[in-house]
Each structure stands twice: as C-alpha cells, then as structure tokens.
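Listed below are the structures to be examined.
In the two complexes below, subunit A is the common chain; its partner is subunit B in one and subunit C in the other.
So, the complex of A and B:
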C-alpha cells in the first residue's frame, strides 16, 4: 500500500495548561482537499502550524511526500533539524494566513518574488515572470506595482495566495483565509481556491465557509477540543454527522446563517 | 551693551577646527552606537529571561548615570585598570556606551511594533532568518524609530560639548579657549551656538527626508 502524500501522526501540542492538539492524526492523498471545521479555539490553526513546523509539535510526526518535517532524511531521520534547515523544508509547503500577512513595505510584485529569489535562487527576471503569471491567475494582473494597503482585503488575500504559489509548493495550508474579509469579498478568494483545487493542488483548509467545505473539499474533518472527532466525505459529515459534537456544531452554524 | 564681531574672522579657523572635532565625535558615536543599539535591542527581546534582565539592568545603569561621570570613568578610571585612552577615544567610548542603550530602547520598541505575522509569513515561505530581519523586519521599524533616533542624534551632537571636560578640543572647548583670550565671550558664544544650530539643522533635514522616504513606502498593517 503506498504511503499517503501527507501524514500527520499522533500530534500533540500544549501551551501551558492548554492542550491545543491532543493526539491528532490525519492523512491526505495527493490532490486531495481536506476542509477542517470546528469551533474557534479548538486547535485547528495549531494543526496547520504544526504541519509546517511553524510551531513544532511536542510529539508526533509529520511527513509530506515522504519527507519527515523537522528531521533529517534517510539514515538521519532521527536527527532534529535546526530552524535554518526546517525553513528549507517549509518552502515546499505554502501557507495562507487569516490576516494575509503581506509585507506592507513591498509592492505586490516584491511580495511575490522575495522568497523565490531568496530561497529558490531564481533571478529577478525569472521570479518576475512567474509572479506575473500567478497574478494573472488570481485576477490581479496590472496591480503588481500597488502596495498592500492600496488593495481590498479580498485582493490582498489573493496576492497572499499567489505569493505562496510562487514557491511552487507541493501542499497548501489555508488558515481561515476568508475569516477576516467583508462578506462580499469572500467569494473572490473562494473562487481562486476552488480553481486551485481543480488544478490538483493538495490543500488543507481550516475554514468556516460551509459552502466551500461542501462543494470543493474531498473530505471534511471535524475538530473538537484538540481532536479530530469525525472525518469523511462532505455529504456525510455535513448532512448526516455521526458524532454529537459535530451535530451540535452544525446546528449552531445553521442557526446563525 | 554693544556686540562687536570684529574679532570673529581672526578666530574663525580655530572655531572651524573645533566644529570639525565636534562633527567627528558625533559621527563616530552615531556610527558605533547604531549597531550597538541594535545589539541591545535584540538582547532586550531575547528568549532567555536572564539575558533580558541583565540587559535591562545594564540599560538602567548606563542611562541613569550622568554622561559626564561616564566620561570621567573612561578617561580617568580606565587607566587604573590598565587602559589609557586619549581624550577623543575616551569620549567616543563613553558616549557610544550610553547612547547604545538609548538607541537600544528605541529599536526594541520599533521591533515590538512589527506584527508577529510578518516573521511568520517569512518563515512559512522559507526565507532565511537573517534575510527576514534585514529585508522584512528592520525596514518596518523605520517609521516608528526614525523620529526618536534623530532626536537622540541631536542629543549626541549637543552632548559632545561634555567632552571639553576631558580636554577634547571640540567646538565648545575651542570657543572657551578663544574668549578667555579675547575677553569677548558673548560674540564667540553666539557664533558657536549658530554653528551648533546649523549642524542640528542638517540632522533635521535628514529626518525630513527619511520620513518622506518611509512614508512613500509605508502602508497599513
């Protein structure tokens, strides 16, 4: 049996007395889109940050395309890597943040080409070509000279997605990408994510957008109190949830919509 | 009372020489205390609590002592410990030390003003830590840090007058040496003050250009 493209096994993470991840395991096939839903503060974001080791887990292991994140390769797999080397592994994993986290003193173009030049060693011309291509894909060609503050939230988040894609990542992590947006701007970001999913990108998406989870995700994982309590196809988890916590959560969501 | 500036052309070269030393001293302290301040700032934000506490204590000591006393330590105290310095190096050492701690506070609050999401975004993209600091973090501290930085640079300029106490031939010292001979202190002091004001103006111009530059590149969050 081939090993999954992404596997997180038994991840644990505590902050003082608070247990953010209480033994979380999750595996994803190549090209799969997994939506992680659940109440705020249930540890969903921590899961993403442990997968790319932005916040290393206390225990457990993460593998992406066979490589154990945070550790050496092959015979040196038991050796924890220093932050410098983890950064190199992280370059293969794109991340999109709730608050975009664009570099405000850089133009849109500079935001996109900084990492490809610094990490991938691309020339400015190569990086610029790649960046223009991606800006075109997220519907922002022509805005490359703008500063982030001159863009709407939806445009900023699309730039942030393009910035992550500029590294040609093998996995994309989305941390509530539409939660900071005005409702009328959510659609444009969802559309970009949907087309990315259709192109076969492997995506792990923490979201409150039930429409996205229902229509685009191949699987939905319901997260509660540091654990994945239920996972399955969207129709099953969203329409006929088995776990009482999932049922209660979805009822709350339905009532507020 | 009448002012008589007729002796000024005669003493002008001596004043200019003093102004030259003042500029030298100011620039030396600025150039050394700026990286010194960055070092202090990083230590003030270090993850190790004991290191933060140590630097905070040093900062309290060095910013609490009168600069004149530090100058005396450097010039009269260090020789007893086996390090004899000429007046100018002693003045540079004393002023660099205490200005590093002032700059350290400015830079530390500048660094604290950059949202943590910036470093996280850079780390998520795999950008190396040193490049993140130089290209992402430090440039964003400039709008907040520049005005207090320049106003402290002005303090350095004025503070160089203290070096007269250990016989550094800077502008104030030169002025004093002149008027004890010419018996016209008022005129010489007015001219010296004008020179200080002029140098100060240069720093203010730098601040204006700097602010305009950072405003042009500035943005929201």
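So, the complex of A and C:
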C-alpha cells in the first residue's frame, strides 16, 4: 500500500489551558480534496497551522510527500530543524486565509511575485509571467496594477489564492476562505477552488460551505473539541452522519440556512 | 542689555552647542535600533524574553532621567565602571531614549494585522524580508509622529548631561551667565540654538511624512 501524500499523526496542541488539537490524525492521497467542518473554536484552523508549522504542534508528526515537516530528512529525521529550514518546507505548502492577508501597500502583481522572487529566486520577468498566467486563471487579468483596497472581497481572495499558487505549492490549505465574504461573492471564490480541485491539486479546506463540501470534496472530516470524530465521503458524513455530535452540528447548520 | 558680552563667550557656547549636537545624534542613532529590537522582542519574541524586556523598559521609563544619569555617572565608578562624562551621559540618555522609543515603535507594530506576518511566513519569506518589505512600510506611517515627538524630547533632554559635568550648550550658557550675571542674554541664545536643533527634526518629520504619503498613497 503506497504511503499517503499528506499524513498528520496524533497531533496535539494546547494554548495555556485550552486544548486546540487533542490527538488528530488525518491522511490524504495526492489530488484529494478534504473538507474540514465543525463549530468555531473546535481546532480546525489550528490543524492547518500545525500542518505547515506556522504553529508547530506540541507533539505528533506531519508528513508531506514522505518528508517530515519540521525535521531533517533520512537519518536526520529525529532532529528538529531551525526556522530557516522549516521555511523552505513551508514554501511548498500554500495557504489561503479567511481575511485574505494581502499586502495592502503592494499592487496585485507585487503581491504575487514577491515570494517567488525572494524565496524561489525567480527573476522579475519569470515571476511576472507566472503571475499573469495565474491571474488569468482566477479571472483577474488586467488587474495587475490594482491595490487590494480597490478590489472586492471576492477578488481579493482570488488574488490571495493566486499568490499562494505562484509558489507552485504541492498542497494547498484553505482556512475558511469564504467566511469573510458577502454571500454574493462566495460563488466566484468557490468556482476558483473547484477548478483547482479539478486540476488535481491536493487541498485541505476548512469551510462552512456545505455545498462545496458536498460537491467538491472527496472526503469530509468533522471536527469537535480538538478531535476528528467522523470522516468519510461527503454523502455519508453530510447525509447520514453516525456521530451524535455531527448530527447536532449539521442540524444547526441546516436550520440556519 | 549688553549684547557685546556674547563675543568673548561665543567660542565656548559654540563648542557647547557642538557637544549638544553630538550628544543628540549619538543618542538617537544608538537608541533607535535598540528600541526597535526591544519592540520586536516584546511583540514577537518568546514569552520570557518579552517579560524581561517589559520589566526593563518600565524600570527605566518610570525613573526620572536625571536619576538615571546620576546612577550611571556617580554610581558607575562605585561598581568599578569609571567613564568620561560624555560616555556616562550617552549611556544614560540612550537607555532612557530606547525605553521610551520602544513603546512608540511597539505601538506602530501592534496596530498591524497579525495576518500580515502569518501570510509572509506561509509564503516562506524570511523574517528580515517580511520586516523590511511588508511590516515596516505599513508600521512606519504610524510610528513616525510619536517617534519624532520623542526624538525632539530626547534632544532637549540632552541638556541634563550638563548635570554630570558634560560641557554642553546648557552648561556653557549657565557658566557664562553666572560669570557675567547676564542670564537673559545667554539663556536666550541657548534657547535659540536648541530651537534651531529641534527645528531640524520638525522639518525632517514633515519631509518623512510627505515621503511616506507619496510612496504609499494608493495603499490606503
């Protein structure tokens, strides 16, 4: 049996008295799209931040394509890496944030090319070409010179997705990418994510968009109090949840829609 | 009023002014990077470091500047640290300046969205790069006004050095006054020179703010 593309094993993370991750394990195959659902504060975002070591877990391990994040390779696998080397690993993992986190003093183009030039060593011309391609893909050609504040929320989030893709990541993490958007702007971001999924990108998506989870995810993981209590194909988890917590959560969601 | 009195004391007054300029530049040039490091350490450093820095900043910040200067100049030798008045004054003023300025700089950084640094880290950007290209440009417009006010206060505060036998502008003006019994003339002259020095900073502040506005005009 081939080892999974992404595997998180027994991750634990506490902040003071609060246990954000209470022994979370999750594995993903290459090209798989996993939607993580669950109530606010259940640890979903922490899981993403532990996977790219933005917030290193207290214990447990993360592997992407066989490489243990935060640690050396091969014989040096038990040695924790300094931040400098973790940074290199992190550059392989794209992340999209709830509040976009675009650089407000940069134009759209500058937002996209900054890291490829500084981290990947691309020339301005190479980075710009790559950036234009991606802007085209997210439907924003011609907005290279705009500043983030001049764009709608949906456009900003699409720029943020393009910015992450500009690093040519092997895995994309989405942290509630549509939660800060006006309802009428959600669709354009979901559409971009869907086309990304169709192109075979491996994606871990924390979301409250049940339609996205149902239609695009290959698997849904339900999070509760720092644990994944139920995981399976969307049809199973969303239509006939087994765990009482999942049932209660989905009922609340359905009522509010 | 006998303004001809100034002539014999002018060389001393000008050398005092030159000492004041040196002390001002030295204090600002040394205090600024230390203050920046303290601000970043408190904002982003590990918790024990942040706590230690907070204690240090408050200890210095809550003391009168003159007491800090006395402590360095008179207390130092008792601990085996004998130094020139100018050195002692610089150390004391830099300590004060760094403590105050770290608060001004920290204020600018804490107004930034935490997500900016998270985005930089997620993209794999080194911290120094993130600081230079992303964090500082956004924090600077917020830091400049309080920082420059503090710089002006620090420049005027260099006059305290006269109390630890530095022959600065204040010391020379006081000396001339007590020899001639004409404080009006000499204190007025000292005031004008201090005004000129602080005025340079005000002009500099206006220039920096204009520059930042132009550069990041479209950003907000």
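Please note the rule applied: the second predicted complex is superposed on the first by the 257 of 257 C-alpha atoms of A that agree within 3 Å, B and C clash if a C-alpha of one lies under 4 Å from a C-alpha of the other, contacts with A are read in each partner's own complex, and residues count from 1 in each chain.
Convention: a residue touches a chain if its C-beta (ideal position, glycine included) is under 8 Å from a C-beta of that chain, and two chains touch if they have at least 3 such contacts.
What you see is a predicted model, and the numbers here were worked out from it, not measured in a lab.
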Which superposed partner A:211 touches (first subunit B, second subunit C, both, neither): neither
Partner chain in contact with A:119 - subunit B first, subunit C second, else both or neither: both
First (subunit B), second (subunit C), both or neither touched by A:77: neither
Touching partner for A:198 - first (subunit B), second (subunit C), both, neither: neither
Partner chain(s) touched by A:133 [first = subunit B, second = subunit C, both, neither]: neither
Contacts of A:182 with subunit B and subunit C, given as first, second, both or neither: neither
Subunit A positions touched by subunit B in one structure and by subunit C in the second: 52, 54, 83-84, 87-88, 90-91, 93-95, 97, 99, 101-105, 114-115, 118-119, 147, 149, 163-164, 167
Residue ranges of subunit B in contact with subunit A within the complex: 115, 117-118, 120-129, 131, 135-136, 139-140, 217-221
Subunit C partner contacts - residues on subunit A that touch it in the complex: 52, 54, 83-84, 87-88, 90-91, 93-95, 97, 99, 101-106, 114-115, 118-119, 147, 149, 163-164, 167
Of subunit A, residues touching subunit B in the complex: 52, 54, 83-84, 87-91, 93-95, 97, 99, 101-105, 114-115, 118-119, 147-150, 163-164, 167
Subunit C - residues contacting subunit A, complex: 113, 115-116, 118-119, 121-127, 129, 133-134, 137-138, 216, 218-220
